[in-house]
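Two complexes are shown next, each including subunit A; its partner changes from subunit B in the first to subunit C in the second.
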Partner chain A sequence: MLGWRITRHAVAILATILLGGLLSATLVRLAPGFDADEQQLDPRLSAESVRTLRESRAQEHSIFRFYLRYINGAMHGELGMSHSLSQPVGTLLRERAPLTLRLVALGLLLSWSVAMAMALTSAWLRVSALDALSTIVTGTFLCIPAAVLALLSVLWNVPGSLAIALIVLPRVYRYWRNLLAKAYSLPHITTARAKGLGELRVLFWHVIPMAAPQLLAVAGVSVSVALGAAIPVEALCGLAGVGQLAWQAALARDLPLLMNITILVTLVTLLAHSGADVIGHMLRSQEI
Partner chain B sequence: MIGRPRKLDVMAQIPGKMVLAATACLFVLLGTAGAQGGGELRFCLRTEPKTFDPLKVEDDAAVSIRYLTGGVLLRMNRQTQALEPELAHSWKVSKDGRQITFKLRSGLSFSDGTPFLAEDVAYTVQQLMDPALHSPTGDAFRSGPGTVATKIISSTQIAITFPTPVAGLDRLFDQVPMMSAHSPKKEMAVLGPFMVADYKPGATVLLKRNPNYWKTDAQGRKLPYLDSIRLDIQPNRDVEMLRFRRGELDLINSLDSEYFDKLASTSPQLVHDAGPSLDSEQMWFNQVSKAPIPAYKKNWFRSLGFRRAISEAINRDDLSRIVFRGHAQPAVGPISPANKFWFDSKLHAQAYSSDAALKLLQTEGFRLENGTLKDREGNPVVFSIVTNSGNKYRERMAVLIQEDLRKIGMQVNVVTLDFPSLIERIAQNFDYEAAMLGLTNVDLDPNEQMNVWLSSAENHQWNPQQKAPETAWEAEIDRLMRAQAASADAKKRKESFDTVQEIVVEQAPFIYLINKNALSAISTAVQDASPVILHPQTFWNAERLTVRAAK
Partner chain C sequence: MSVFRKLAWVALLLVVGVSMAANWLAPAGYAKQYRTQPNAPPTRQHWLGTDEVGRDRFARLLYGTRISLLLAPAAALISTLMAALVGGLAGYLGGGWARIAMAVTDLFLSLPWLFLLITVRALMPLNVSPLASVLVTFLMLGMLGWTSAARVLCATSASLRGSGFLLQARASGIRGVRLFGVHVLPNLTPVLYAQFWISIPVFILSEANLGILGLGVAEPMPSWGSLLKELEGLVSIGEEPWKFAPLILLVLVVTSFQLVLSNREEMAA
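So, the complex of A and B:
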């Protein structure tokens, strides 16, 4: 049963990546200014050089041909060349992925820890004033655009991971708080409490196991939120990660780079979702 | 090919017996460096350098690194605008402008110790003129078909012969750093004051003092004084400014006028206005015959009276005063007054007069009806100006121009597009009516603008790639530009280009708006900085700068 679930996820991931890559390539190809290069306006370039510059993107005009060639290259570990940075895409991603992963991981860890602490406190104590305060604080962060939080982190000289944490926190907190509150309101928890079971025992033996699959699902979703937040945070904080690269690639209509980044982000997001689903399934199976 | 220093495994190749001697030398070198104690200069590159190969350089970031690391045969003094000997102690250009002979300084070495000889110059020129290179630096030397010949006369003397005359031949060598024909480090072996020591993609480029740099100061001390230069890659100007204020950076090149004034209000000693730069801002109308715009609009745009009236109706003083807070001058023509030799002093900035503009339009058959200007056929004069989004100065200029032209009954719509979309419109499908952009001049010589002025050129923006000149004045510009390019006589060249400037101002294919001032900010910790208008503004004399350590 678990094997079948993992296989199903693997097939879904592969299909989504292939489709996502094609869609991303098509969108970039259809974007205005797709094959325009700023260098074309350099008056020092000869007519032949300008022509060569234009022809350099000619092989990307047919998107299906380009995509088939890309898949063939990718199977041999060749991800193409970035137009805007004149470097192999594989090298660029290898150099920058660690920073983004570190940034996102720290941001998620921080946001999950704070969100869990706040959600537990809120669901456990059930003090309306505390609940209202948490709602106001997280609601404020929800209203502030990611770019503004990124700029504030630059202004106050705090790490970019904190900005990511503040972007993810309100999105996770509300769901987790509701899930835990719902779990606490179940009849068997009330019975357990009435029978004098300690609060910690109630929490770790009954509440969290009950809500764990859903909590994990929300955590999986928050990975894609954090990855999305990494783009403005890295671009504005001047952090040399994949997010900054994605921003530069989009501005320069850098098809090979943009497509590979889309595929990478899709892969990480799907792995997080699928991982959360599989673990949730395992937990549910144990309960049964 | 991008050379990217990672781990230097040179040590593994040094024979064991030499370790002791090398260590002793190292101590001597470190001692010297310590005694000089020039410190570390820190500033930002606004984009990632695309390459460290000096011959392939095209972007600003790579140009800055090339300036700091590359050793050139001749260097244009950024302050006096005069050409000075560097690796070559003398040079001679033949009368026909096809050949240049250099006499090189002897006993010089690249940063890795490889000796510098005439064969390195020959190797560099051959690499530069490779037809497959397609770099702006190499293309600047291509004046006609044929191959370039190099003749090594001795180890310190070389003659380079071009197939056709190259205008301003000697000045072009200011942009050509010499490469080693034999060094295993390829383009990373340099002759300039600094060398690339580390590169963290997207983050920093660290330059260290070149231990083999040949120059000394008047007291005989080895240059450069600085120990290192740290270049942080930072596209965001707000962040750059913030870091400068925090003392994390030592200088800012091409400072925005808004930031300049903010900084000037609190720390006037940090900001420098060197006066009008070579860069200009201009607008032009689409005169391409196949452009997908209505025929009556094409008739307006091709009408000399219409273009001149627009030029007269724009208040350039306001653009300078309001948009650039006074840190810009009304532009005169294709060449900025900052270009001491090539500027035509007979020309003056167009005076503003909406009444005169309206009268001129009336002579062309336009009439004002209920505040709306209409052409002979009754079409209201409505057009759009496209410019690049994100450039607040251009956006503000467009708004002021919109307001100026409203006074003579024209309705102007301002459209901002991101750069790729804008380039597609102005250079590929010609789907635009008027455009506003800037021209950044790197070289003083007008030959650099050949691909702007020739009617057949790709960058002849208002009507590019003409098979034959469509107007008599464009044919005359073609003739004059070719004549100046074929001549080695600076006086004759100047006469020809003066006439080109006068024709351009008269015909107004480009309506020149302003020349921005060269603004910069320099920390008080930096000693001996004297910002100039030419690139690289603040660090043109990097080899003589020092940075006081923070207390």
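So, the complex of A and C:
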């Protein structure tokens, strides 16, 4: 059953990546100015040189040929060249991915720890004023654009991972709070408390196992939110990660580079979602 | 209706009303430059000072608010209609159609929202007229923001498929577009209405993010995104606090939307 689930996810990821890649290639090909090359405007070039330049790009004209060439290259570790940075895309991604992964991982760790602490305090103490205060604080962060939080982090000289944590926190906290409130209101929790079980034991034996599958699903979603937050944080904090690279590629209309980043981010997001689903399934089957 | 919700309604109506009256309330046009007073602090003439090219910040805030508050609902309308068409039809038709539609929806949903936005924005020309940039930005938000709503609508529409009134309508000989338009779509209205309202603050925040990153509305047209871009050069908060006026207004409006929508979100879920 678990093997079937993993296979299904693997096939879905592969299909999504292929379909997404084809869609990206199509959009890149159909985008206005696809065929334009600044070099062609160089007055020093002769008509023959311009023609040679055009011919060198002609092989990208057919979407399928362009895409097949891309897949063939990707299988051999060649993701093409960045037009704007004049560097191989693979090298750019290898250089920048570790920083983004570190930022996102730290941001997620921070946001999850704070969200868990706030939700647990709220659930244990059951003071409505505290609950309202937590909701107001996280609600305010939810109403501030991610890019503004990134700008404020520059202003206050705080690390980028903290900015990512503040962007992810309100979303995660809402789920934590609702799931814990739902779990604590169940009759068997009241029975466990009435029998004299300590709060920690109730939490780790009865509440967390109940909420774990849904919390794992939230973990998958929060990876996607954190990756999205990496764009403004890296772009505005001057951090040389994949988010900044995507922003630079967008401003320079470096479409092949942007396409590769999009596929990479989709792959990471899908892996996170699938991982969360598979672990959630394992936990549920253990409960049964 | 709670006190907070009433206050939120009042705040929203006030902001919308004032921004719609920008032509009368603003001391100057949004592009008018007071060349002798660049970077001026707030004065009686310029309530929020002037920007680096001498444009009145208060006027730009009023016009920018109007653009954001007029076009975010327009984008929300496009996305809701697309969601109704894709999600509603997929749920109604079921089978292979629903699987294909939901696979496409999942494809869009698997990408972080901001990555999707900047990728699609980069596919379009960046050097366009200010008016075209406004239309491109909000049209793009509308065309890409339908996916999560489509999922909800597909599930709602699928739940209606086996209902008694649809069986009766089919037995009466009603088929195809008429069955969908007359019997299914009206029953999706509450969810569509909720999704429309939920999308507005999401699109307002997305436009602000794009604007700050330089991929939104082009100068000299103001929007919340382009106005917030001014925060980029700040050294400390106490230095020029009036530059935070667009942020305060944006937070007020989005918070008001969240409060007004708190029961609609439950309905949409």
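The criterion applied here is as follows: the second predicted complex is superposed on the first by the 253 of 288 C-alpha atoms of A that agree within 3 Å, B and C clash if a C-alpha of one lies under 4 Å from a C-alpha of the other, contacts with A are read in each partner's own complex, and residues count from 1 in each chain.
The rule is short, and it goes like this: contacts are C-beta pairs under 8 Å (C-beta built on N, C-alpha and C of every residue); 3 or more make two chains touch, one makes a residue touch a chain.
Note that the coordinates shown come from a computational prediction; the quantities given were computed from them, not determined experimentally.
In the superposition on chain A, A:Arg96 makes contact with subunit B only, not with subunit C. When the two complexes are overlaid on their common chain A, residue A:Ser46 makes contact with subunit B while staying clear of subunit C. Contacts of A:Ile231 after superposition: subunit C is touched, whereas subunit B is not reached. In the superposition on chain A, contact of A:Thr16 is made with subunit C only, not with subunit B.
When the shared chain is aligned, subunit C comes close enough to touch A:Cys143, but subunit B does not.
Judged by the touch definition given at the top, the superposed model places A:Leu85 against subunit B, while subunit C stays out of reach. Looking at the shared chain after the overlay, A:Ala240 reaches subunit B, while subunit C stays out of its contact range. In the superposition on chain A, A:Leu151 makes contact with both subunit B and subunit C.
Shared-chain residue A:Arg253: touches subunit B and subunit C both. Touched by subunit B in one complex and by subunit C in the other are residues 31-33, 151, 155, 235-236, 251, 253 of subunit A.
By the touch criterion given at the top, residues 15-16, 19-20, 23-24, 27-28, 31-33, 139-140, 142-148, 151-152, 155, 224-225, 227-229, 231-232, 235-236, 246-247, 249-251, 253, 255, 258-259, 261-262, 265-266, 269-270, 273 of subunit A touch subunit C in their complex.
Here subunit B touches subunit A in the complex through residues 2, 48, 50-51, 58, 131, 134-137, 139-140, 142, 200-203, 232-236, 238-239, 242, 246, 417-424, 427-428, 437, 439, 442, 448-452, 456-459, going by the rule given at the top.
Residues 103, 106-107, 110-116, 118-126, 201, 205, 208-209, 212-215, 225, 228, 231-232, 234-237, 247, 250-251, 254-255, 258 of subunit C are the ones that touch subunit A when the two sit in their complex.
Within the complex, the subunit A residues that touch subunit B are 31-50, 52-53, 84-87, 92, 95-96, 151, 154-155, 157, 235-241, 244-245, 248, 251-253.
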